[in-house]
Amino acid sequence: MNPPINVFDYEALAQAALPPVNWDFFYGGSDDEVTLRANRSAFERLRLRPRVLMDVNQCSINTSVLGLPVSMPVLLAPSAAHGLAHPDAELATARAAGAASTLMTLSTDSTRSLEEVKAVAQGPLWYQLYIYTMEEAQRLVQRAERAGYAAIVLTVDLPRYSRRERDLRNDMNSYQQAHYPDAFNGNAPHLVVDGSDNQHVYMGDAVTWDILPWLRSITALPIVLKGILTAEDASVAIKYGASAIIVSNHGGRQLDGVMPTIEALPEVVAAVAGRCEVYVDGGIRRGTDILKALALGACAVLIGRPVLWGLAVNGQEGVQHVLELLRKELTLALQLAGCASLADIQRSLVQVP
Amino acid sequence: MNPPINVFDYEALAQAALPPVNWDFFYGGSDDEVTLRANRSAFERLRLRPRVLMDVNQCSINTSVLGLPVSMPVLLAPSAAHGLAHPDAELATARAAGAASTLMTLSTDSTRSLEEVKAVAQGPLWYQLYIYTMEEAQRLVQRAERAGYAAIVLTVDLPRYSRRERDLRNDMNSYQQAHYPDAFNGNAPHLVVDGSDNQHVYMGDAVTWDILPWLRSITALPIVLKGILTAEDASVAIKYGASAIIVSNHGGRQLDGVMPTIEALPEVVAAVAGRCEVYVDGGIRRGTDILKALALGACAVLIGRPVLWGLAVNGQEGVQHVLELLRKELTLALQLAGCASLADIQRSLVQVP
Amino acid sequence: MNPPINVFDYEALAQAALPPVNWDFFYGGSDDEVTLRANRSAFERLRLRPRVLMDVNQCSINTSVLGLPVSMPVLLAPSAAHGLAHPDAELATARAAGAASTLMTLSTDSTRSLEEVKAVAQGPLWYQLYIYTMEEAQRLVQRAERAGYAAIVLTVDLPRYSRRERDLRNDMNSYQQAHYPDAFNGNAPHLVVDGSDNQHVYMGDAVTWDILPWLRSITALPIVLKGILTAEDASVAIKYGASAIIVSNHGGRQLDGVMPTIEALPEVVAAVAGRCEVYVDGGIRRGTDILKALALGACAVLIGRPVLWGLAVNGQEGVQHVLELLRKELTLALQLAGCASLADIQRSLVQVP
Amino acid sequence: MNPPINVFDYEALAQAALPPVNWDFFYGGSDDEVTLRANRSAFERLRLRPRVLMDVNQCSINTSVLGLPVSMPVLLAPSAAHGLAHPDAELATARAAGAASTLMTLSTDSTRSLEEVKAVAQGPLWYQLYIYTMEEAQRLVQRAERAGYAAIVLTVDLPRYSRRERDLRNDMNSYQQAHYPDAFNGNAPHLVVDGSDNQHVYMGDAVTWDILPWLRSITALPIVLKGILTAEDASVAIKYGASAIIVSNHGGRQLDGVMPTIEALPEVVAAVAGRCEVYVDGGIRRGTDILKALALGACAVLIGRPVLWGLAVNGQEGVQHVLELLRKELTLALQLAGCASLADIQRSLVQVP
């Protein structure tokens, strides 16, 4: 293959580069992968309505999220165990995010510790939180705050681990423990939860909205809720003081059959009505996907798998290239749509079928 | 193939295990199998809208149907001639249903007699009725009542046997009489009706709503109508005192081109307006399918072919495994949707396109 | 292949039996065959809403068209040059129609003369008219009336012959003149018009609504207009005294991209509002297709290609078998839909998406 | 392959005739080619509603655009570098357009100069303008006016060159400079802009609506805006005195994901409300496509790739044949739709789904 020129090229190269079990772990969705596919196909159904004869010579895509300046509205979504993609793991990812002047979200289930990652990061970091136990969660949040992470991203769509059938067929759990025993243990020793019955250490299924005042009581950091798909929950999130919402279906990896995120975004944006920032992830592979998300009201998008494909193919450099490809595609898409900045993007730029 | 981890795996294994004519008999639909396919694809078009941060640690799917407690809202639909799937026939199926603490519906056209099945059953049983002649019907209903069956399920969508072209091409009738002469005769000696002209012994085409007062007069059991697809008929059923309705298109095996059941369910539920219980069958293969049916107003679902796949692959144990897979999938789906019990399922959980 | 059990089987057998050029002539549509495919796929999108527990034991599908009794609402559409399908040509077709007690429409471009066909026919006949010249048309109409044809079916969707690209690629015109020189000349010596420039003898492009009073002046027969697709033209047809309308797009063989007939039918039925009979052809292959057409307001359907497949496979007997298959399928579909006669078919039986 | 009988045949022959890199350059779209495909598929979704029994014997498709008589409402869209398709380049194209008595639009990036093309042209010419620099643009416009071009067609959907990934993978830029160094330099020495970073000489991204009064000040020619897709921009164009609008998405070669042109046409026509002429290009391959565009309000259509396929296959003669094929198809489509002239085409001829 020629050198990669878009994210899909990185996907193909990553599949060739990774052991099949690792590929399946990153690529797969839950059950029949209906939502995994829908996340992508939903973007294709949206039509752009570009404006012409605008001065787009100086096109800027700078923005900020929760007050942090970033060079583009493209952030790194949290994803587990980068060590399954590349030996440099999250260190490479963080260096790439910093080089691209954008923000990385570190997963609780990272291969490297939050302190190690912070040590190499040049850009802002958020910390993604799973609640295995309350005690551990408190320790992790306070470690993240001390280390300089700028927000806590609480994942709310994983009360239990879903059935990811590729992993079940691959016996991913044993494979990982045999070959990458510490891949998920960067921050704390964890059992990998895997949809089988050994989920005993994970208490996500008992975490309720009451977690928010508690979190507020143990940290001064803004709290971002990741995994909201409905107007109803967006309204509750606002009531509980969420600083931001990430419209997400966990990349099609949790409840299969849920709405594709780009179709859930409008109702969340409408319910929030400007009271907090809203981001979206899921299926974003092109600059025009980002443009559509922004037109529908997102302040920024997060990308998950594309980062992992870059990492698998070429470590830090691969991640950086993926980010630069998306930066160029987004800038060009803005210009071709007649927008000189993110502020020029209007809702009427997208026609929903 | 690895050990089966979902119903589709059992389907593939059953196809490998069964003689092709038997497979076709169970798998096939009528005419062009439009409805057979639509029953499945209709589920994929429905989107789930999950809620987050609910306490789902103690998730229960216990329920009851017509006052009978069952461990889950997943019942066994009636299906003919289990002897074509496994030598243990309905005895294996009944034992599996009992072990799973759910309800089995025995077909009039079963391989084993209703009394034999009752003798091995540990859970509740319903008896499905075809009316070959009034005299036979009366005898069967009264045998079922004496044996302890808890309801009579009258199939109303088979005024005549449809054209199931796989069976016609296979000359299923002769094949069955040669190889499995008693497969349909567990309860009474029957000709297999097959869409050819020898339907003379079957009087379903003369059975009208007047059958209901007559049935009421010969049995004290609740009467369930299986095969209603319209609001109009649901209203008539209520008028005639039906205890419950099963929204069904006979698994795509009767009139080809009718609505997929999950699309017919809402109008039936609306017409019934709580005046009787409503169940649905047709195309249910996943826990999320069940969740969608419940959100659209079904009290429970019935599964047909998945039971036969389990039976064909591994007898009683296979059926039990299929039931346990669906139980786990449904429980997990509920949790991932933010529901701690069936009572938490709201209509807004499903978005109809 | 096993013996044919449905119309699709006859289609496959006919393709195997016919020389490819003949097959293409009968099978093909115009241009990209968009309408040809749409005629079929439109039926699949319509959903049936069957009623249950009706007495359908005595199910009758007898009806009449323009006062002529027929054994079923399935008539034979006009189609050209049956001699390209079978040496017995229209004689076989007419005998089969008579044996089935239904009506045949003879094409102006038939292989055998209208008088020969009448001589062997036992059922009613209609005569389809193309207007090559006014003089010839007058002669043909008066011959048909004298011979005992019961109506004149004026084709109105062929002002010019379309581009049927299969025929153009096959040089069908030369092939036919070489191998079947008289195939189209049963009633008058005709040039085959073929979308090339030699259409000089055909005056269809100058025929207007004024043809109707003229036709009325030269014959006492009822006049049926074949090829209307819009409410607008249906209203004009009523104004000009048409006895009946056939909603038709010439089997997808004239203007490519027009509405499938089953989608055009409702607007024509609404515009006509009972003031004349309305029939439909195009894509009917199953009893359930016929049922859908009747539910949407057609008094009867006409079938074209299925007749030719039967004829190609087995002459008169093949046509008869095709007709009997459809009769059985329609009867069964009615019963399974809860209708004991055509009068029981209600509009609500079909759900339009 | 037989001799070509429609535009798709020319497409296949052109692909066989052209070097793959040249084919890709002409055929390809931007990014994922979503809009490229949508331009075609959108036509298939539109249904025609033909009228019958109209006198269409004298069917004329003569018309005029901006006062220039043309023999049909089919114009030649501007396209770059005909020298990549055939050594005679735009000279062959212009001769063919003249022979067909229709109008050709010459691209700024043509292989042959506007004066050379004018010298061989027998029909009217328009000049398409890209603004590399203001000085060059002024010189080009004034050369075109002096040479006798009848209008300036300003392309407004190319503020920057898009990512055409086929060209990027082929390194089209180097290939062209090595093998066809002057292919784009007929009118002025240009760098090929290619989506990489060397777009420094092109100032399209700074061109705004203010260009229109400036253009007006340097030429008396009518100004046509090519590349408008929205009602909003159509209104602005009217305000700035545009003489005509071409609804275009650059053949799916600029912003990927924009509306197919046939779907954008109605809103532009409605916004313009008769105040200027509106044309459309994109995906037109059939006479019925043209008919649909005219019914939706276009005064004429422009064809791009079909011209190049004809040119690649057979030079001037190939282009002429393509034009004659479309002329015949359009004439026939009009007749089959019941229209004797373009004035008879009504909006109700097309049913939008």
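The letters A, B, C and D name the chains in turn, as written, and every chain counts its residues from 1.
Note that contacts are C-beta pairs under 8 Å (C-beta built on N, C-alpha and C of every residue); 3 or more make two chains touch, one makes a residue touch a chain.
None of these values were measured; they are calculated from a predicted model.
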item	value
Minimum number of chain-to-chain touching steps separating chain A from chain C	2
Proportion of interface numbers common to chain B and chain C (over half same, under half different)	different
Magnitude of the superposing rotation for chain A and chain D (Cα, nearest 5°)	90
Inter-chain centre distance, chain C versus chain D - centres from mean C-alpha coordinates, in Å	42
Separation of chain B from chain D, taking each centre as the mean of its C-alpha atoms, in whole Å	59
Multi-partner residues of chain B (each touching 2 or more other chains)	none
Overall pattern in which the protein chains touch one another (line/ring/star/complete/other)	ring
Chain-to-chain touches, reported pairwise for every pair that qualifies	A-B, A-D, B-C, C-D
Sites on chain C touched by chain B in the complex	2, 5-6, 44, 46-57, 59, 286, 288, 292, 329, 332-333, 335-338, 348, 351
In the complex with chain D, residue positions of chain C that touch it	31-32, 34, 156-157, 159-160, 162-163, 165, 168-169, 195, 203, 205-209, 211, 225, 227-230, 232-233, 236, 254-259, 263-264
